[in-house]
Amino acid sequence: MSLLDEIPVVVETGSAAPEGDSHRHGNAEPVLHEVRHALARLISAGETTKIDLKAMPFGPGDLEHLLSVLGTGEVQASVDALGPTRVQETAIPGVWLVDYLNTEAHRLALHLEIATVPEILCPQPQDLADAIAALDARLNPDRSDPPLAS
Amino acid sequence: MSGSMEFLLWTKGAMFNIAIAIFAIGLLVRIAEIFMLGRAKNFAEARAGEWGPGLRTMFTRTVADPGTFQRAPFNVVVGWVWHIGFLTALLLFLPHIKLIESLTGLSWPALPNPVISLVTSVTLVALIATLVHRMTHPVKKRISTVEDYLVWAVVFAVVLTGWLAYYRLVNPYPLVLGMHILSAEIMLILLPFTKLTHIFTTFIARWYNGAAFGRKGVQS
Amino acid sequence: MSELTLERGLAAFRAEVDGPVAAFFSSCVHCGICAQACPFYLETGDAKYTPILKLEPLRRVWENDFTLWGKIKGLFGLNHKVTDEMLAEWEELLYDSCSMCGRCSMVCPVGNDLALMIRKSREGMVQAGHAPEGLIAASVRAIQTGSPMGLQWKTLAVQIQHVQTSSGLEVPVDKEGAEYLVLLSSMEIINFPEYLEAITKIFDHAGVTWTLSTQCFEATNAGIQIGNKDIAAQLVERVVAAAEKLKVPKVISPECGHAFTAIRWEGPNLIGRPYPFRVFHIIEVLDELRASGRLKTEGMETDRLSMHDPCNLARKSGVIQQQRNLMNLVAENFVELKEHGKFQWCCGAGGGVSSNERAEPLKMAAFKRKKAQIEEVNPERMVTMCATCRTQLEEGLEEFNMEIPVVGLTEMIAEHLVEKN
Amino acid sequence: MSERIVVDPVTRIEGHLRIEAQMDGENIAQAYSSGTSVRGLETILKGRDPRDAWAFAQRICGVCTLVHGIASVRSVEDALKIELPPNAQLIRNLMISSQFVHDHVMHFYHLHALDWVDVVSSLSADPKATSDLAQSISSWPKSSPGYFADTQKRIKTFVESGQLGIFANGYWGHPAYKLPPEANLMAVAHYLEALAWQRDVARLHAIFGGKNPHPNFVVGGVPSPIDIDSDSAINAKRLAEVQQILHSMQTFVDQVYVPDTLAIASFYKDWGERGEGLGNFMSYGDLPATGTMDPAQFLFPRGVILNRDLSTIHEIDLHDQGQIQEYVAHSWYEYSGGNDKGLHPYDGETNLEYDARGGVKPPYTQLDVNDGYSWMKAPRWKGHAMEVGPLARVLLLYASGHEQTKELVEMTLTTLDLPVRALYSTLGRTAARTLETKILTDTAQGWYNQLIANIKAGDSRTFNETLWEPSSWPAEARGAGYMEAPRGALGHWIVIKNGKIANYQAVVPSTWNAGPRDPSSQPGAYEAALQDNHQLVDVKQPIEILRTIHSFDPCIACAVHLTDPDTGEQMEIKIA
Amino acid sequence: MAARKPTEKTLGESLRERGVSRRGFLKFCAATASMMALPPSMVPAIAAALEKAKRPSVIWLSFQECTGCTESLTRSHAPTLEDLILDVISLDYHHTLQAAAGDAAEQAREQAMAANAGEYLVIVDGSIPGPDSNPGYSTVAGHSNYAMLMETVENAAAVIAVGTCATFGGLPGANPNPTGAMSVMDLVKNKPVINVSGCPPIPMVITGVIAHYLTFGRLPELDAYNRPMAFFGQSIHDRCYRRPFYDKGLFAKTFDDEGARLGWCLYELGCKGPTTYNACATMRWNDGTSWPVEAGHPCLGCSEPKFWDAGGFYNAVSVPTSASGVNVLAAGAAGAVVGGAVAALAKKQTKTAVAHRQPVTVEELEAKL
């Protein structure tokens, strides 16, 4: 196995980055400011915002810094569709981290969502329309129409 | 030239070679013209040597005397500002240093880019001011020729395109970089055939001036 | 008989083009700073008096005939030729509005020696037949009579007599082997006879041997002013012949500024050989006497004095500190003009302007710069050491109703000599 | 009878390859291998900065995307006598290893497998039986009946869509396919898994070289600095990723690739008697423990085996102008000194001459095999045609007594119940590829450990800058950069004059293997392998040809000389 | 099995058939938006469009190439190559990936062209020896590349040129272009050509362009080189995380100095990021693992035309492509010779001028009075 554990350095995240070097996390700050504006819009107009973090020109450590500033909140959720999607509320209420993974656990997309509830957690309108029928089917198992996940 | 990149490569390739050749040949012609004309022998008893005062004037003339400064502060200050700005950007901007290094093998430390960009912005303003001054001041208006405006336009184009390139205000970037290089090449080509020659001959002229006065005991 | 033509003028222009001229024109950026050094421009406000513009004929000859680029342009007919009409127009610019004071040469940022090129341009102007009448007349008189003003030895002889009577001292004439041959200018002889008396006294006081020459007493050089080497050389040759004949080791130029530069700096080149003697301005000699303790003065002028440096003496010949040493010897309330020494302002009369009657209004206009300088320090009297300057100052101050007398420095020194017991 | 079978394009390879087979009944009597595309890289390289050469040379091939870069920087380093910092050597070894593993696995599943695996047959497999089969040969976790059922469903949906895409027109149902449906389904599942796995392996190149394909190199070291404390360098986090990738490589090879190879081979033992070829094998050697100058400490030994005589390993000298030479008797090139002469790469010539050297004007149906018929040259070692590649390397390892190799070879032969001579075959070639992959994944861990130890000991140097500036170079220099590419022995020869490339030549594995005949009509390795031992069941579906050709893993863009048709200047390059 | 009956099913339908839920579909759309470099706010529009999209037939032609572009495609992780070819497109011809060989392969191409006339996409990697080059320089199945390209694009809906060889001529077209290699857009004039440059292109850019065409049924917004603005709209330099060091003037001078270790700007080492338009700085390579500048190597500028001839890879962008002191010295020497000749002439002229100058006499002056 690796001799890595013998290397006297923390491996995880950006915490290994020396502080005080002003170039670090250069591209995390603008995103955080964007989040702040988005929060203001959410509060004043109820407008939700999604930010695609994979489209950001992050340098090494930038993403880690961004996430460490946002912190971890109380809510965690997982959606199992085409591989797992992990939803994590940040320590800032209304700011959610939505991590879309494929079946091999490779990241497809990573979004910050500024919303009361992330869209992927909401039932889809078409499913909602079928919801009563689905429940009825379970109440009356004799009737056919098996409940569909779709 | 089908696109901006091809244009840029043309300016960095064939056109650069043409420009540098015309510049080098032209400038040497000009300098040879001057030195081959020479000076007649001077039989008058000298009060002092020529070399010292000549060399001193080469540098001291860079600074205006207090009287002139008082009478033409605008001329002096603005001229200074844009000359210094131009030279700073030319000689202390990293990409330019790398260019010079590739041609001569010589290099030196660069100034941080924001300093250069600030200097360049100021230079642009100063250049516009010189143009306004040239078009409005009676003396400058009277003595200005088409060449003066042409040379101004070329110098301004060099700085402006450089400034636009630095701030990447034109897309695609190769287009604006190519325009910057091309305008610099036009400047190089025009240099030996216009007053731009002064960049080099002014030191010869100052030496002659300083030497002539110095011989008579006056540090000009 | 041969004539002065454009053709000859252009040839003369060409003959004047040398390395410095090429360097200067190559370097001019049309910044217009030279105008700021020119009293003729500053006091008239007319941009045509910008010094570099005055050089346009010479510049065109240089560009057309001495540059590859000019020749290429010529092939396509794109060059600007020098024409007779042009030279006619430029006559005023090159003569009437330029005293060749050289101030522009001191301020040009690229180092152009414009005064030198004015001097060169005049060579071409003369040959093209575009010199002012006043200067032509002066030149002709100088050659034909020995003096630009037509003055004869007999006039000087009268003055000598007068000085001898007044001072009780001998004025040596044609004394072979004297240390100094003293030369005079017509103007000194006529307008300022006290100068001759002063030097007689001073040299007697200091025990200096000197002499005048009957063969050549006049050292002004109209050839320099009009700008013709041939005339100028003839006039210089006269001085050289007289000095050689009297076997003097040193020659004292008249106070007159251009006469000094003519004999001191241009002379050897005009005749194409070094002198067998050295040339001094009287101020240089006096300061040397002072330095060696041979000049003993007593008493001080107490009124507020200021001093005008003649361009030819100060800026163009490097005699700047000497006159100040002498002033300090005899004046206790000496105040400098603001810009002085190598940066002093011309009185407006030099370079032949004063010999050029039609330039009178320009000359007076240019004087306003000096006048303003004088007003700034408000002296009770002005001191100078050039006959032309002194005349211009006197006339000018009078014109503007300023009651400021002008005195010669040499005379002032003479008045303070310690009396012999 | 003398029917001519043509396979063009030969697919599931790199580049443009054409095989013409002269039939004697159902038997292939004569085979002709032709590279049908030329680009002209050698001419393009002339006059350029030798430090830039790797980027040009690397584009010889995007599959073995690393090998020409390595061979190129090594040629410059050899010419200028630049010594690498040990860390740079180790990082290069790790990159080379992952290239091999990546390349071999992808070749097996994505280029070669469909010659042996019938995708359509997999639809009729029983997922439960497939699961049993998989679990019987390996402990690989993805082997549940549900997993195989999902895979099968996906393929089914796909097939039912009516759009077969890349699987269209395969020789499905051909009698030469011998695998039971369950083995086919398992192989198809692993086809898809390998696609996912290889993406992960390729990340190792991205870590050290910024991207894959075409990672970056520098002459004198590697571009990525090591600094445990910096975000922007090879740091602890990066090293942990490398370890994870090495682990993933090893697991997949041990649990999927090796068992699959053995399982599939067991159904095709008759291919242990076909595709034998020349019997001459060559390896330049590679994967140095320290410097590149001493072959004695390479993992892969250097040497030549002639006529299957494993008792004698002949020495190779790349600089010796009498050893490696190239011939153009049947190639679309012209040599100024006569087309029957061989030239060492330092003196190589490459004048494109299609029309006058026998090229048939397109469109054509048949090449003129008596004249020129390929853009490849015919390289020879001391006049011998050579086979290069995994089989050559494994034989040399075996002949030189490499313990693990001996164990693996014996295990394989025992498992399959085959004699030693079965190594010299289409099957042996494919098995050798698998075995050396196994050897490499095991060895790579040691280089990684050494790298970590160096860093721990305070040596983090990755680049030797002393000879970076061309002003520090001699006016003239020449060097040979070798590399054992996945497909075999690769050499780049460079001549440097006044800081610029004066000549550049590459002799690549696929030129050795896929090259045409030489002046004495000796066939190349592909040609020899096909001749006299291949009966075609169906001349319209010549799957047998594909099996043997694919066992060499052709890489044709590499193999084609690059030249200047106008000036007659000579250079050549070939690729692995 | 060779019989084809193109599906009439839409992507949404076929996904749902595979048991993908609406949430899964939403996720698919979010990933697609990210892949196409579109803002997440576009997700609803993408969902609506994908509900209607059908798997298009794609014919991939390989000419003078190195297969790096295909290799790159296999590294795509969102979508993966397997998802792409199983769910999104029908890849009907592709030398490196397809099962069929020889005549069977060529038949597959012809079948796809016939069945999808006017609708199929053609993807090309590799340059093509132009119509004036020897057709024998590059052939497939006995046909010249040029002939095959022109035949195949005849009934195509659009052509995507992948990689710098296909988009700009690339390496084969580098000086002196020995085989007369040309780009697709040089040859194909009557069809829309989308250029996806790069050597190779970022896999997500290839798939993103395909996804865009599939999703919206039209070409994405293109730049002056026909490259999709979404990926080629910004330069490497503008999005580089090392940019702050450029602005501060902190540069690595070599590959292993302090600057290199601290991630300073690579301008001095020849980075072509300032003139290169590509998405490496944001999308990065190999599942976001790294990209060349992050790995310490200067950008080669591989997505730009003529990048092989754009000056050395280790020369700064500002350095002329053929810069050498020798050129300047040569020009200077020529200047000295010409200058010397001209000056000698001038010197002679001065002497003549002096000789021509006629002395002035007092009589002449008097005549002017």
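In this document, chain identifiers A, B, C, D and E correspond to the written order of the chains, with residue numbering beginning at 1 in each.
By our rule, contacts are C-beta pairs under 8 Å (C-beta built on N, C-alpha and C of every residue); 3 or more make two chains touch, one makes a residue touch a chain.
Everything numeric here is computed off the predicted structure, so don't read it as measured data.
K.L.:
Of all the chains, which has the CA centre nearest the overall CA centre?
P.N.:
Answer for the innermost chain: E.
K.L.:
For chain A and chain E, what's the span in angstrom between their mean Cα positions?
P.N.:
Chain centres of chain A and chain E, defined by C-alpha means, are spaced 33 Å apart.
K.L.:
As a quick test, compute the distance in whole Å between the mean CA positions of chain A and chain C.
P.N.:
92
K.L.:
Between chain A and chain B, what is the separation of their C-alpha centroids in Å?
P.N.:
Roughly 57 Å, centre to centre.
K.L.:
Return the distance between the CA-based centres of chain B and chain C, expressed in whole Å.
P.N.:
37
K.L.:
Going through chain D residue by residue, note those that touch at least 2 other chains and give them in order.
P.N.:
Chain D, residues with two or more chain partners: 196, 199, 231-232.
K.L.:
Chain A: which residues touch two or more other chains?
P.N.:
59-60, 104, 106
K.L.:
Any chance you could list the residues of chain E touching two or more other chains?
P.N.:
77, 80, 242, 248, 262-263, 287, 294, 342, 346, 350
K.L.:
Hey, which chains are touching each other here?
P.N.:
Touching chain pairs, listed by label, come out as A-D, A-E, B-C, B-E, C-E, D-E.
K.L.:
Would you tell me which residues of chain E are touching chain A in their complex?
P.N.:
16, 19-24, 26-28, 30-31, 33-35, 37, 39-41, 43, 77-78, 80, 83, 239-245, 248, 262-263, 281-283, 287-288, 294
K.L.:
In their complex, what parts of chain B are in touch with chain E?
P.N.:
The touching residues are 2-6, 8-9, 12-13, 16-17, 20-21, 23-33, 35-38, 94-96, 98-99, 102-105, 110-114, 168, 172-174, 177.
K.L.:
Going by the contact rule set out above, which residues of chain D touch chain A in the complex?
P.N.:
Listed in rising order, the residues of chain D that touch chain A are 196, 199, 228-229, 231-232, 235-237, 239-240, 243, 448-449, 452-453, 455-456.
K.L.:
Under the definition above, what is the set of chain C residues touching chain B in their complex?
P.N.:
By the definition above, chain C touches chain B via 17-24, 26-33, 35-37, 41-42, 45, 47-48, 50, 52-53, 66-69, 105-113, 116, 264-269, 272-275, 278-279, 314-320, 339, 342-343.
K.L.:
Can you list the chain E residues touching chain D in their complex?
P.N.:
1-7, 9, 14, 17-18, 55, 57, 62-72, 74-77, 80-82, 85-86, 89-92, 94-108, 111-112, 127, 134-145, 147, 170-172, 174-179, 181, 199-200, 242, 254-256, 260-263, 280, 285-287, 289-297, 300, 308, 312-314
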